[in-house]
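Once you scroll down, you'll see the structures, which are given as structure tokens.
Next come two complexes, and both contain chain A; in the first it sits with chain B, in the second with chain C.
Moving on to the complex of A and B:
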């Protein structure tokens, strides 16, 4: 008999490492159910779902229009800025700059700009447009990189750079840019909704008050509007029309901006670390106190939630994608599951987290589940699409055997690549659950803003940006180790 | 020979026509298969061999026969090891638990069984290599190993000797002869065909133009399969 032992494939080893890290985090994480009567709240929610409560028309239309306008204008602006940035993405400084601005969640940018500008539309716009610019730059740069391998230059070698770009690269990548920009619209609408939770007059504003008052009918109505808005994108969204839409949105949102320069200056002053402003405060005690009470616990909780949510995202998508795949189920089942999945991934995590929080109380459980379900629904959809493209043999097995031996091995690399991309996204999104009171870095940042300790807020934002950049780097290395260097075709937000 | 007396009839096709849209790929096929027959399908590419094989596969499976199948496009799971790809041959004959367990960690008994088959095909060294890293000829032998491992009595194979050198092709034919009671194999190599077949079916343009016992056939009798009778090709 051969003495050969079975070498575990790299992808399996990687998965085991992921699972082990999540289990380790599980030990330290608080995943308890705190509320005594979760069912009571559940029935109230269910009652709300069946009796949506609509706002008066003017208010409803205004919330809809503002959600749309913020999303559209911010995406258009950031696509433009991202395009310009991507041309210089090979420069290390630009790359790092893009990584830092996208590492800070739009909620934090929002909190920052609301401090500086008040509840002016510009605050909301910048909050979305800044991180999105960083994301656009990265994705556009990747699209260009992928297209470059396709053919060698056929233009006269002395042509200037601008002509080279528009005559050679642009025609090849335009379609990809356009489809990604339109795709990003969906994310933009969700972000603009989420910013309502910190005061912007979008759908999220009413969602938050609905949750706060336990008015689940209002929540349901607002959610339905968001679904309709997102579903309508494919009807009206055209790349060519984006400048027109952005113009109309800008006109609609425009409001005179009176910047009180003394106020801004004093705020900027407040953002510099306390020991710098106040000679009575020593550097080390200030920093060590902050570290032990906020930075360290915040970072640790962020990491715990991220790792557990990441693995649960994977588990959720591996279990659910067969429901969407033609390798396993007939059309009626697939259509029904598809509808459910679209709803799950269109629902902003903050809503899911809020619902779970009300059901189970403030532990990490709501955060982890909200992140896992939202992201899992996205990954599941991508996996199903990928599996639909497989051509199996006439004698391919069925059911669980087909899943294990035919489909899973063929899509597993892609699956890990998707997960690596979700890693950074999930960590960014822990910010959201922070403002709901779960003690991630987002929570401490939110509290620092509330108590006007802007220097602490800025420091914590920097820490969370640093963590994001680290996770991004680890994910990149993991992908390289698994030879999954290429970006998956669909880039989800 | 075990088709003396009155062997069981496996399948009968009467005036069967298969068309994709307006394109007729199999034209009024009449064919009877009996248990114990070793049939080789000969014909140029595009003559309908693959379509006929697929049709035979479907019909036999509908009749609840267990079939070993080697398609032209092998359809192996490239990320999985040779062991797993061969193991797939018997997934439907084992419990889900066994299948799941062996996906994660191959059990000793299955390793031995599959190692034995691979030895006969000179592939034992590659037991745990991912199939995607093997050469075309090696992959062809993996597909054959899967068919052998399946332990079916009937084999349907579409060009199973593609990419194999003469020696390996001969070995494969011997293994097929030894392991399967009946088989239908599409081949393009006439010598190889004559070495295994006891019945030859010639296809041309979707029609059966020859159906005879191999012993009765001379090389000239096979010519119409490949060349036009009167005009130069």
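Moving on to the complex of A and C:
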């Protein structure tokens, strides 16, 4: 990795463009701070942190087992589907299909499937597995693409496609597939927890109950369980054991499902736009009213929050990654920082956002910071791993000089690549803070579900998917302009 | 390995068997509004009581949102539900012939408190003070009767403007306890919540009256009720709806009633909730 492969001007220009767009958004965004008397609530939070309140064993174990079961089964399923899809990823239709299913946040898939399947476990499973299949397909396709450029075929020219795949490609990409699948497990466990917020009987279910009632002891206990679960993945997760784990999870979650066809029909009816069902409603007034009251403001707020949070994510990770890097700190400090980062990236954003909301009052600031810290902790972890691979000279400078002149220039291109990948993710996650009352598209989608206007919900979900696809495309072009297409893959949720 | 597979098979069969037995179970749920801690334990007692009284298997399933409770009622995963005023109206519109059968003693005349942080200088008054315009304001959950529907109705009635226009910021805290926490912290200046939650928190000593106080209370309206699906008589036998109603009205054990929390249940009917439906139509929550 030498400096030549990333021409400095392009990366600087890109950074400046990011910063300029964030500053522009800053002007329009409401980031005011109102501080009054949050200390009583903080005192209760602190008291809760120091006295975790554990559920009785059967309930705790069941929540833990279900978090694991939903995460494992969904990841296994989507790895399988993603694998099949990635074989056809060169087809435009498949690519577009994958982009649109992964552009919808799992919370929205969850809300949709709850309407369709009620409280059946399949609702939670599909909510995670559908977007994850789209992500797996994309990443697997990238892995294959990279492996292709590495060597020419060593098989006889007449060998068929199946043999070509399994004798030539598979041995080379297997390890990458396996490691990505295991990496995705962390995301799966987090998603299965977050879906507890809308009713899946996982750790998130009790986490939300505790949080909503101000029972911070319960919140602490559930968060500790989640941290332990995520930190222990590398102990028990093995690619070969995945089918077994998934099988046991399937047995554990299995429940008979009766789909009532009249119900499905009435839901399809509800999801079709109002003017189609009701002849008294005209298309244009309906759509223009929705655009001016929900689509446009929602899309604007989503964009404002995304752009500011993206730049703050970058700032956070640039500041914090040395704490995790062996180029800067000895092992004890790194281990401690590692623990802190696991906590920051595993704590659901909505809880971070609520703490900031108490502290600074209602504006976009809590949402922006919650997103920046969560995503920054992930990027920081990835950057540190990347910096650990650098080989510095024995007499290389130390401290701030090492940071500025040795490490930063060497990893900056990779840093921008990571940010480009986070872009799409951050936009998808604005959905979650929308539920706090910050009027993103997620806020309006949640409102539409709450008032049973499924047609509006579906339309808004489509709009947010479209925005995600656009951002994904811009990010891809930016990476290409930075010559970052052939960089090592980003392993992150 | 073979042994292992057999063991798994046995477990699977066991699970299958228990699930099949549950198929004839009468299932109910309750919207997540009051104290959610140990909700399952408390409602399981209610399930046991109903099981004994009705002589059928009764099970409680927990839900996280008003919308999920209504979706479960609509898809027949629950046949009986403890709804709020608004969610009950929404649910009964979606399930033909479903009925409201009982409400809490207190639900005949429920009310909402508007509360304000002390820094606003607002004091209790007989009408909503004009000074609340341009402050920041939070509702509770979007689908709540006492935390959203009725406060929005009275705000519109008095100021003839939507809350988004009237206030500097409008939030949805998620539930009544969060509304209280946020207004007490001063994060939002004004909020609206279920009066029973306020009373309970006051009793528990979690309200600092130097920081937050009630500035106005709404006129009374009907709220929570038990609603039952229209097809239960066809499944559990003629007169089953009447049996369930009677079991609910005869629930006298304070430990059971504390799950709601209500002092007793009294009869209710769909027409009791006409005012709620009309209000929801007025402010555009229902088309």
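Everything that follows uses one rule, which is that the second predicted complex is superposed on the first by the 468 of 493 C-alpha atoms of A that agree within 3 Å, B and C clash if a C-alpha of one lies under 4 Å from a C-alpha of the other, contacts with A are read in each partner's own complex, and residues count from 1 in each chain.
Throughout what follows, contacts are C-beta pairs under 8 Å (C-beta built on N, C-alpha and C of every residue); 3 or more make two chains touch, one makes a residue touch a chain.
Every value quoted in this text rests on a predicted model; they were computed, and no experiment measured them.
In the superposed three-chain model, the partner touching more residues of chain A is C, compared with the other of chain B and chain C. With both structures placed on the common chain, the touch criterion links A:247 to chain C but leaves chain B unconnected.
Touch criterion met: A:409 reaches chain B, while chain C stays clear of it.
In the superposed model, A:215 makes contact with chain C only, not with chain B.
Of the two partner chains, chain B is the only one that A:396 touches; chain C does not reach it. Of the two partner chains, chain C is the only one that A:452 touches; chain B does not reach it.
Only residues 54, 57-58, 61, 67, 69, 71, 75, 77-81, 83-84, 87-88, 91-92, 96, 99-100, 103-106, 111-112, 115, 124, 127-128, 130 of chain B touch chain A when the two sit together in their complex.
Residue ranges on chain C touching chain A, taken from their complex, read 8, 11-12, 15-16, 19-20, 23, 32, 35-37, 39-40, 61-68, 70-72, 74-77, 90, 94, 117, 119, 136, 138, 141-143, 169-175, 177-178, 181-182, 184-188, 206, 208, 211, 285-287.
Those residues of chain A whose C-beta lies close enough to touch chain B in the complex are 1-2, 4, 6-7, 9, 11-12, 391-397, 400-401, 404-406, 409-410, 412-413. Partner chain C is touched in their complex by these residues of chain A: 34-38, 40-41, 59, 111, 114-115, 117-120, 196-199, 201, 205, 208-210, 212-215, 218, 247-248, 251-252, 254-256, 260, 263, 274, 357-363, 435-437, 446-447, 449-453.
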